[in-house]
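A, B and C are the chain letters, set down in written order, and residue numbers restart from 1 in every chain.
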Amino acid sequence: MVDLTSSVAAGQGARELQGPRGPKPRKVVTRANVLIYGTLIVVSLYYLLPMWVMVMTSLKGMPEIRVGNIFAPPMEITFEPWVKAWSGACTGLNCDGLSRGFWNSVRITLPSVAVSIAIASVNGYALANWRFKGADAFFTILIFGAFIPYQVMLYPMVIMLREVGLYGSLTGLVIVHTVFGMPILTLLFRNYFTSLPEELFKAARVDGAGFWRIYFRIMLPMSLPIFVVAMILQVTGIWNDFLFGVIYTKPDLYPMTVQLNNIVNSVQGVKEYNVNMAATLLTGLVPLFIYFISGKLFVRGIAAGAVKG
Amino acid sequence: MTIRSILMAGGAVCAAGYASAAELEVMHWWTSGGEAAAVAELADALNERTEHTWVDGAIAGTGQTARPIMISRITGGDPMAAFQFNHGRQAEELIEAGLLRDMTDVAEAQGWKDIVNPPLLLDACTVDGRIYCAPISIHSWQWLWLSHKAYEDAGIPVPTNWAEFVNAAPALEAAGKVPLAMGQQGWQQNGAFQVMMISLLPKEVYLQVYRDKDAEKARGPEVGRIFQALAQAREMSRDSRVQDWNQATNMVITGEAGGQIMGDWAQGEFQLAGLVAGEDYTCLPGLGGNPTLQAGGDAFYFPALDDPEMTAAQGELAALLLDPQTQVAFNLKKGSLPVRGDIDLSAANECMQKGLEILASGEAVPDVAQLISADSLTRIEDVFVQFFADETITAEEAQEQFAALIEDAD
Amino acid sequence: MAASRPNQLFRNKSAKIAAIPMIATALVVFLGGTIWTVAHSFTSSKLLPKWDLVGLTQYERLWGTRRWLISIENLMIYGVCMLVFCFVIGFVLAALMDQKIRFENTFRAIILYPYALSFIVTGLVWQWILNPEFGLQHVIRSLGGNRPPAECEGVGLSLSCWLSGIEFDPLYNPRIAIYGILIAALWQGTGLIMVLMLAGLRGIDQEIWRASRVDGIPAWKTYLFVVIPMMRPVFVTTLVLIGAAIVKVYDLIVAQTGGGPGNATEMPAKYVYDYMFGGQNLGQGFAASTMMLLAVLIVVIPWAFMEFGRKNRG
């Protein structure tokens, strides 16, 4: 990612990594700004309202929840639900809360996200720029696959994994995540690469660059936003996955969502809403963290002049 | 030294003498407070009284969540050592496919035939004369839970049977209460219907309809009366808009609702809220009518494993599940009734005692799950969901739909 | 492109090797799995898949079941609303985000965060908020002083009476329950659509904006006539993403309403799941999912022809 990148996209690099295009916005109250920020703030309220309810509930004690108004802040703040959700809640026999499955979730998510995005981005690139005979047919099947309710595929998948001897292993689970993530991700990358100006690709071909060289030197550096979207999709999907994690592995590999499910989804007995909320927020922290830091990568892909260089 | 002797018996059945330590993965869906405490009793018993270790595979939710997981594990060729299933017809296919272990040897060595009461629990585990599961607890549906506070507020006495309960409804409504709390989910509505069938009619009708699939009976006037009663229940629960059963129970606990038809697991909610049976709430088995209980409940099944050590360990676990000491400890925590008739449960409260009496008198019928397939049951539930949601559906229409499904049931 | 060159087979070798995982997935998992599913929909499989053919029995029963028909109707309403709102909201938010605004990162995170949370609790929280007794309706009525209807009779125009009488109970009213689900689904899903559109907007050449500014074309016209047509590939992705989510909607329904009140929010995927694992009638579940897949096929195949036919000509 050194020479070609710098010749094609370096010009924008330093400037564009700062954020959106153009100079920093000036501090002026224009009608357009009022409209933009007004809308965004109102919209944000809609998005934040449930968060408010969740955080407030997670900081209340159970007696207060029973009587209280769901929107009211706690009269007496307690962090006990958070502590309990993380390290004390009983999820069946084990009373160590979500902490039990945290590292398993990391062990599952990292390889699954990396492998699925790597494969899908190469697929998308091959489909967009190197279309070979029959590619369209496979791609159509793949898109069709995006619509199959995954519950229907549970048993065939068990049979397939059993036949190749990977049932119950981490590798098997990574394959499952890669397979079920592939339709949407491939589509994502294919369509993004298609929308890039073709001149870039053609120029590189004229220079004699091959499949992988063009992928790594030109396509990758120009598609950070779409990689961020893919990462958001996969990190969230895999981190929050419960069904695959529990069906294709064993208890010593169960992800954190199994504990979350056990805390939140117990059918019988009193529901501890505050612990439920805290557990959900805790489980959501990792994807949330990814969302926030990925903002840095959310730069403009193509700057003017990059093509003509 | 009774513990020793049981262990010896368990061990002797499965392997000659000493069985080496194994890790037994046990899958179940008991995760709420009382349930988890009950499972802990089982795990402690296994860990302390045998060399084996209990590996907990708890998956919360209904059987609907856990079932595909269990089936996948078993068909994927990597099964757990034991798993919880509602006993009934669910496991038949797994047995046919040879995926479950035949536990008859353990059952005979332990004399399960003599100790399990009511005997129909063991029948539910038996296919072609072989025993495939170990029953562990009994749950029954036939209970009406009544809030003393609600009736005090309305200024009328607490009803002692269904007819009085229906008559008291207007007074409760006048006092701003919901006469009948009911969660708006098919299984709860279907449960209420079955309870009425068993409690308000002779138990033969229930058996004719569900066991013999007698569609004429299901169309008949007796069952028609039950549908009328169900329409009354719909009327009385109109303002009960909760979903989960425990939210409905909470309405009874707070005195917001007069009563609720729910299984004995509701007991745990009252206990946790610090209410005392007989003082703060009343439980009427069989709706104060027929003292007959449906004996459903939980059982453990054991997948067929290749490893002889694991197989031996499974046997020990099975023996332990029916051991008197484990039975008492487990069922007291879970609020269910023990599967053995010969143990002392004086620690149980008033409601549990009532249930025990009925069981001791032999007035038990098999649970619906043992009589008709889960498929037919789901379709019947769909009828009740519609019936309760749409007041324009008459009792007669619902009865006809029900009878048609009974005709078609397997 | 390279399509017409004689040494095409050799030239595309890397691309073909790179596409092996995709080809295997498409053929073995999706095609194989679908054939397996369709085949088993003609059987009487119950708890375990079993090769025991019963012809069209499962389909006859399926189409004779009221719940299935209602599920389809519900999905139509939900699907159309979801598609329209997701697109419009997602695009408008992305366009606002792209206006060199301050705190872009913060706003983006706020709109996107619901996507990170589990459906179970999302459903629960919205169930609370939409609960008439202690949710939004209660708060609004309290603003009006919560005056009883009797007090307001014949009062005429009065803000407090209007507020006290407001009805907002989507999850408890069968006629509008589906919109209660929609509110939560949009809350959860529009963030992702927004970032996807934003990525698309950022992939557009800066020259376009500069040129349109030089020509004095208003921004909304540039969006409508230049930018949106250029974003077609991203829209297709979005469409598939939303479409797949609509067809498969299950968890949210279970968490929020359980399909109720009555059948008001039942969905086909829930029917499939309930019968496969609840009713233990795999055959019935497979028959229902086959019908769903057939419906998808009717949409996907013409799309594929349009998409690839067009490309090949150009």
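Criterion: a residue touches a chain if its C-beta (ideal position, glycine included) is under 8 Å from a C-beta of that chain, and two chains touch if they have at least 3 such contacts.
Everything numeric here is computed off the predicted structure, so don't read it as measured data.
Enquirer: Need the most distant chain from chain C, centre defined as the mean of C-alpha atoms.
Expert: With centres defined by C-alpha atoms, farthest from chain C sits B.
Enquirer: Which chains touch each other through the most C-beta pairs?
Expert: Comparing chain pairs, contacts are most numerous for A-C.
Enquirer: If you average the Cα atoms of chain A and of chain C to get two centres, how far apart are those centres in Å?
Expert: About 17 Å separates the centre of chain A from that of chain C.
Enquirer: Could you put a whole-Å number on the gap between the CA centroids of chain A and chain B?
Expert: Computed value for the inter-centroid distance: 41 Å.
Enquirer: Distance from the CA centroid of chain B to that of chain C, rounded to the nearest Å?
Expert: 38
Enquirer: Any chance you could list the residues of chain C touching two or more other chains?
Expert: Residues 273, 276-277 of chain C each touch two or more of the other chains.
Enquirer: List, in ascending order, every residue of chain A touching at least 2 other chains.
Expert: Touching at least two other chains: 151, 155, 261, 264-265.
Enquirer: Where in chain B do residues touch at least two different other chains?
Expert: Expected reply: 62, 68, 71, 75.
Enquirer: Can you list the chain A residues touching chain B in their complex?
Expert: The touching residues are 90-94, 151, 154-155, 158-159, 161-162, 167-168, 243, 246-248, 250-251, 258, 261-271.
Enquirer: What part of chain C is in contact with chain B in the complex they form?
Expert: On the chain C side, the touching residues are 46-48, 50, 65-67, 172, 174, 257-264, 273-281, 284.
Enquirer: Enumerate the contact residues on chain A facing chain C in the complex.
Expert: Those in contact with chain C are residues 19-22, 25, 32, 36-37, 39-40, 43-44, 46-51, 53-54, 69-71, 119, 122-123, 125-127, 129-132, 135-136, 138-153, 155-157, 160, 178-179, 182-184, 186-188, 190-192, 194-197, 210-212, 223, 225-226, 228-229, 232-233, 236, 240, 257, 260-261, 264-265, 273, 276-277, 280-281, 283-284, 287-288, 291-292, 295, 298-305, 307.
Enquirer: What part of chain B is in contact with chain A in the complex they form?
Expert: Residues in contact with chain A: 25, 28-36, 39-40, 43, 54-62, 65, 68-69, 71-73, 75-78, 244, 246, 265, 268-269, 272.
Enquirer: Mind pulling up the chain B residues that touch chain C in the complex?
Expert: 62-64, 67-68, 71, 75, 90, 92-94, 97, 184-185, 241, 243, 373-375, 377-379, 382, 385-386, 388-390
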